[in-house]
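When the chains are written out, they are named A, B, C and D in that same order, and each has its own residue count from 1.
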Amino acid sequence: MAISLLEKYSVDEVFAPFQEVVQVEGEGVSQAVVVPKEKLVTIMEHLAQNFSLDYLSDLTAVDRGEKGFEVVYNLFSISKKFELCVKTLTSQSEAEVPTVIPVWPGADWMEREVYDLMGVTFAGHPNMTRLLLPEEFEGHPLRKTFKLQSRA
Amino acid sequence: MNTNQDILLTIAATLRSFLDPLLGNPDVVDVTMYGVALAAILGIIFGNAVILVWAERKVAGYMQSRPGPNRVGPIGLLQTVADTIKLITKEDIRPKGVDRWVWFLAPVVLFVPTLAAYAVFPFSEGLIAVDLNIGLFYFLAVASTVTIPFLMAGWSSNNKYSLIGGMRSVAQMVSYEIPLVFSLIGVVMLVGSLKMSSIVEAQSGIWFIFLQPVAFLIYVIAATAETNRTPFDLVEGESEIVAGPMTEYSGMKWSLFFLAEYANLFAVSAIATTVFLGGWQPPPMPAVMRDAVAFIPGWIWFAAKTYFMIFLFMWFRWTFPRFRVDQLMSFGWKVLLPLALANILVTGVGIYAYRIAIGG
Amino acid sequence: MNETVYVIAFYILAAIVLFSAIGVVVLKNIVHSALLLALTFVGVAGIYVLLNADYLAAVQVMVYAGAIAILIAFGVMLTRRPNMKESNPFNSSAVVGFVVAAGLFGTMAWAILTTTFPLGLTAPTDEISVRGVAKLLLEDYTVSFEAAALLLTVAMAGAIIIAKGAKKA
Amino acid sequence: MQTQTFELNMGPQHPATHGVLRVVLELDGEIVVKATPVIGYLHRGIEKICENRTYVQSIPFTDRMDYLSGMNNNLAICQTIEKLMALEIPERAEYIRVITAELNRIASHMITIGVLALDLGGWTGMVYCFRDRERILDLFNSLCGARMTFNYIRVGGVGWDLPEGWLDECRRFLKDLPEMLKTYEDLISGNEILQMRLKGVAPLSAERAIAMSASGAVLRASGVDYDVRKANPYGIYDRFDFEVPLGTSGDNWDRFYLRYLEIIQSARIIEQALEQIPEGPVMAKVPKMIKPPVGEVYHHVENPRGDLGFYLVSDGSPKPYRWHARRPAMINLQLLDELSRGTFIADVVATLGTLDPVLGEVDC
């Protein structure tokens, strides 16, 4: 059975070098670590190398309205069977976080999908274009501001 | 000569004796009889295609444990008729950007060598349109031009799938023609003649499949490749290049490709029958039984053997997956060709040794 | 064969050969030229048949129409041109070309007219064409036949090396 | 010799792209220089639609994502919602879920194997796979009246109990399965041409597979022991004794043959479940209107195509605030470019077949 990394190690142990910037949010199944986006890649590298969270299960984003966009990374360790949810926040106006492709190349299409549907750009992504929607599509449908058109 | 004359030959003789007084000039009668032979060959091709379209589906159904066509007519026998009507009535689409004349001519040109090849098939004793001295070589020469229409269709369609298919057809057919020709040389060496009737008559004692088993194997493989059938159907390769040169064809033009495919299938099977399976002669059997089956005309034996070969090709098609293009080429050049050459060498040495042995 | 049939067949074949040969030179689409070249070869093969040289005719079809013409057409089709209609442009030396062709034609006509052909020496008999060719190639001219085979093998190897590109060691 | 590459647009209408996938191939002769998959032709905006539906209403949409493994998708979304609500479900329902999910996995793998054979030109193998898959679809049909879009697994259990005689029918299928597998071995995997076509083509290293977030048979073919049923057991999978087949080189052959081996393991699981299945209710007490507590959850299951995950955010209302699916087929499809480079056009088709995308899921 896989357990959360935070059940095995304390937050202090895991995030020793970044203690002051990391927050733990939620409880139980909702538990997640929130990191600032400036430190995102460094922390991710740290997690991948030192805690063998080598597998990026999922990458997505949530529109939190006024708070901005939350980019959610679900990590897994294939060898140690840990899981961990990491989040980072970006403001509504900026809507940009650094890419994690250097850590997990498989993030390529997931980031493009988030960009396509949620409108969060990933700085440093080699090909930041729409994935699913046509190039000429306007807007990002998964944003809460994007209203579905009613059927005629 | 058989004492009980073949019924088809009787018909031909009757026709000739009927035409003789009517037309007067014996040369005109000759030309007319060639016309009749041409019509008969066309009849064979079309009739054969009708049977084969149905038979292929039935065989496929049998191999895949399903009934196959069984709605149109008894056991689906009229399926081909229904198909033909569908194909004829279909809209004939000419895509924009095709090279009009070349595109239009390709399916027609494809039919010419196929038709020409039938001229030398010995359907029975004396039942052969033209018994050329170089019959077998004539067949090979004519068959070698089949590549041109595929190339024409592939290029003129202005479609990349078609072009790739045309390229593949050239590579494949040119490569497999060489082992095909070489596999037949062994037999030619044994007979000492290229004449179709001589080749068949030389097998009255023993069929050449027993003297040249390797050559037969090479021939069957190369012939599968020449007719573009699985596992060598790279020219069409529907899961890779959609339909190759035929991608842009529809309706009647497409059905001409189809017709030519079945005509070619019959052609290579007929050559296998002639060269390796004793042609029109009944299988080797004791003299008593031979007399008992003497009433069966030669063309029945010929057809039976040819359809057996066709069944074999269908069996291949519905069993094997397709080769990849590089595997196809290396198989042809690195396996089949050396094998065919070795077969020729062994045959030559064998003939020499046999001559010394019987020469004393 | 009947004289009339023979004459009719000859003129049809000659017309095919001539017109397709003209087409090879005149047509602006090089692929059409290449395909007409194949037709020319087939027509020439037909004339061989009329001359009772059926073996030569089959060789003509197999080698020229079945192999050479295909390779030419194949090569031409694979070169990409933006506009196929202008792929076989007339060059500016049409006049010079005409003069050279006329000169060649004149020389050949002169040669043909002044040669005395020994007619009716031997009538072609059954089987003689294949056997005769085989005897010539494998007995009288064995050395040159083998030399040609070797040369072709070397040429083929060379062509493969050029096509694949020599591997840098 | 100086040559030019050319571009070939394979799809969205093409016999072997498994739907409406478009692959832009840059070719040097027949050798692939670059293969760019273009997706989105089947995008229906399921994530957005589900944010405007209740939790229960989102279950049928999962049937239409990976339409070859609807049961597994139903299972994934229901378990995600249950995890969010901390719901316990009855034993019998758990067993029914395992049986149906594994049957669906067998059906899905049969298609994968058969369609790959078809892509390589072997029609007959495909027909036999489809014929045998029909047995499973008939079972599902008698269970829930649908052959592909089931909506049978519900939040809190399953829709209704098994019909009478269903378990016996299921046992009969399992009894016939070895013979079916023998047929596939004879017709498909035992064929030398097929092995020649697949072995050594498009290998994928274990490190690269992990880095690219590959999952399912694609990942395990490279030798990575990661099967969610073992690595992070959900439901009652920890009670069953089964093996996770692993490949060695991660080439097309491994990816293909692994599916064949997985069918055997799935059959083992079903056999054990059929022995252990208890009597009892099949539905937990679930309120009519499901309103999970505020929170968020990521849950993943082993789908036939890989690691299918759902990420749900609840704001306490009857509708999910965010409904996201991690689709294994889409993430595996990323590998097509690097696996195809340097291989032939025919290999692209084979590689695509072994990556096994279902476009309904890729585009979502």
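The criterion applied here is as follows: a residue touches a chain if its C-beta (ideal position, glycine included) is under 8 Å from a C-beta of that chain, and two chains touch if they have at least 3 such contacts.
Chain identities (UniProt): A = NAD(P)H dehydrogenase subunit J; B = NADH-quinone oxidoreductase subunit H; C = NADH-quinone oxidoreductase subunit J.
All of these numbers come straight from a predicted model, not from anything done at the bench.
J.: Could you pull out the chain whose C-alpha mean position is farthest off from that of chain D?
T.: Result for max centroid distance from chain D is chain C.
J.: Comparing B-C against A-D, which pair counts more contacting C-beta pairs?
T.: Between A-D and B-C, the larger count of C-beta pairs in contact belongs to A-D.
J.: So what's the Cα centroid distance for chain C and chain D, whole Å?
T.: Here the centre of chain D sits 60 Å away from the centre of chain C.
J.: For chain A and chain B, what's the span in angstrom between their mean Cα positions?
T.: Computed from C-alpha means, the inter-chain centre distance equals 64 Å.
J.: With chain centres taken as the means of their Cα atoms, state the distance from chain A to chain D in Å.
T.: 25
J.: Using mean CA coordinates as chain centres, what's the gap between chain B and chain C in Å?
T.: Taking the average C-alpha coordinate of chain B and of chain C, the gap between them is 27 Å.
J.: Two or more other chains in contact with one residue: find those residues in chain D.
T.: 6
J.: State the interface residues of chain C toward chain B in the complex, per the touch definition above.
T.: These residues of chain C touch chain B: 1-2, 4-5, 29, 31-32, 35, 38, 42, 54-55, 58-59, 61-62, 65-67, 69-71, 73-74, 77-78, 84, 126-127, 129-130.
J.: Note which residues of chain B are touching chain D in the complex, please.
T.: Touching chain D from chain B are residues 60, 63-66, 160-161, 164, 230-231, 233-234, 237-242, 318-327.
J.: Under the touch definition given earlier, write down the residues of chain B that touch chain C in their complex.
T.: Going through chain B, the ones touching chain C are 25, 27-28, 30-31, 99, 101-102, 132-134, 137-138, 140-142, 144-145, 147-148, 151-152, 154-155, 163, 166-167, 170, 174, 177, 193-194.
J.: Sort out for me which residues of chain D touch chain B in the complex.
T.: Answer in residue numbers: 6, 8-9, 14-16, 30, 117-125, 127-128, 131, 187, 191, 193-194, 196-197, 344-347, 349.
J.: What part of chain D is in contact with chain A in the complex they form?
T.: Contacts found on chain D: 39-40, 43, 45, 47-48, 51-52, 83-84, 86, 210-214, 224-226, 231-233, 238, 295-298, 300, 307, 309, 311, 313, 321-322, 324, 326, 330-331, 333-334, 363-364.
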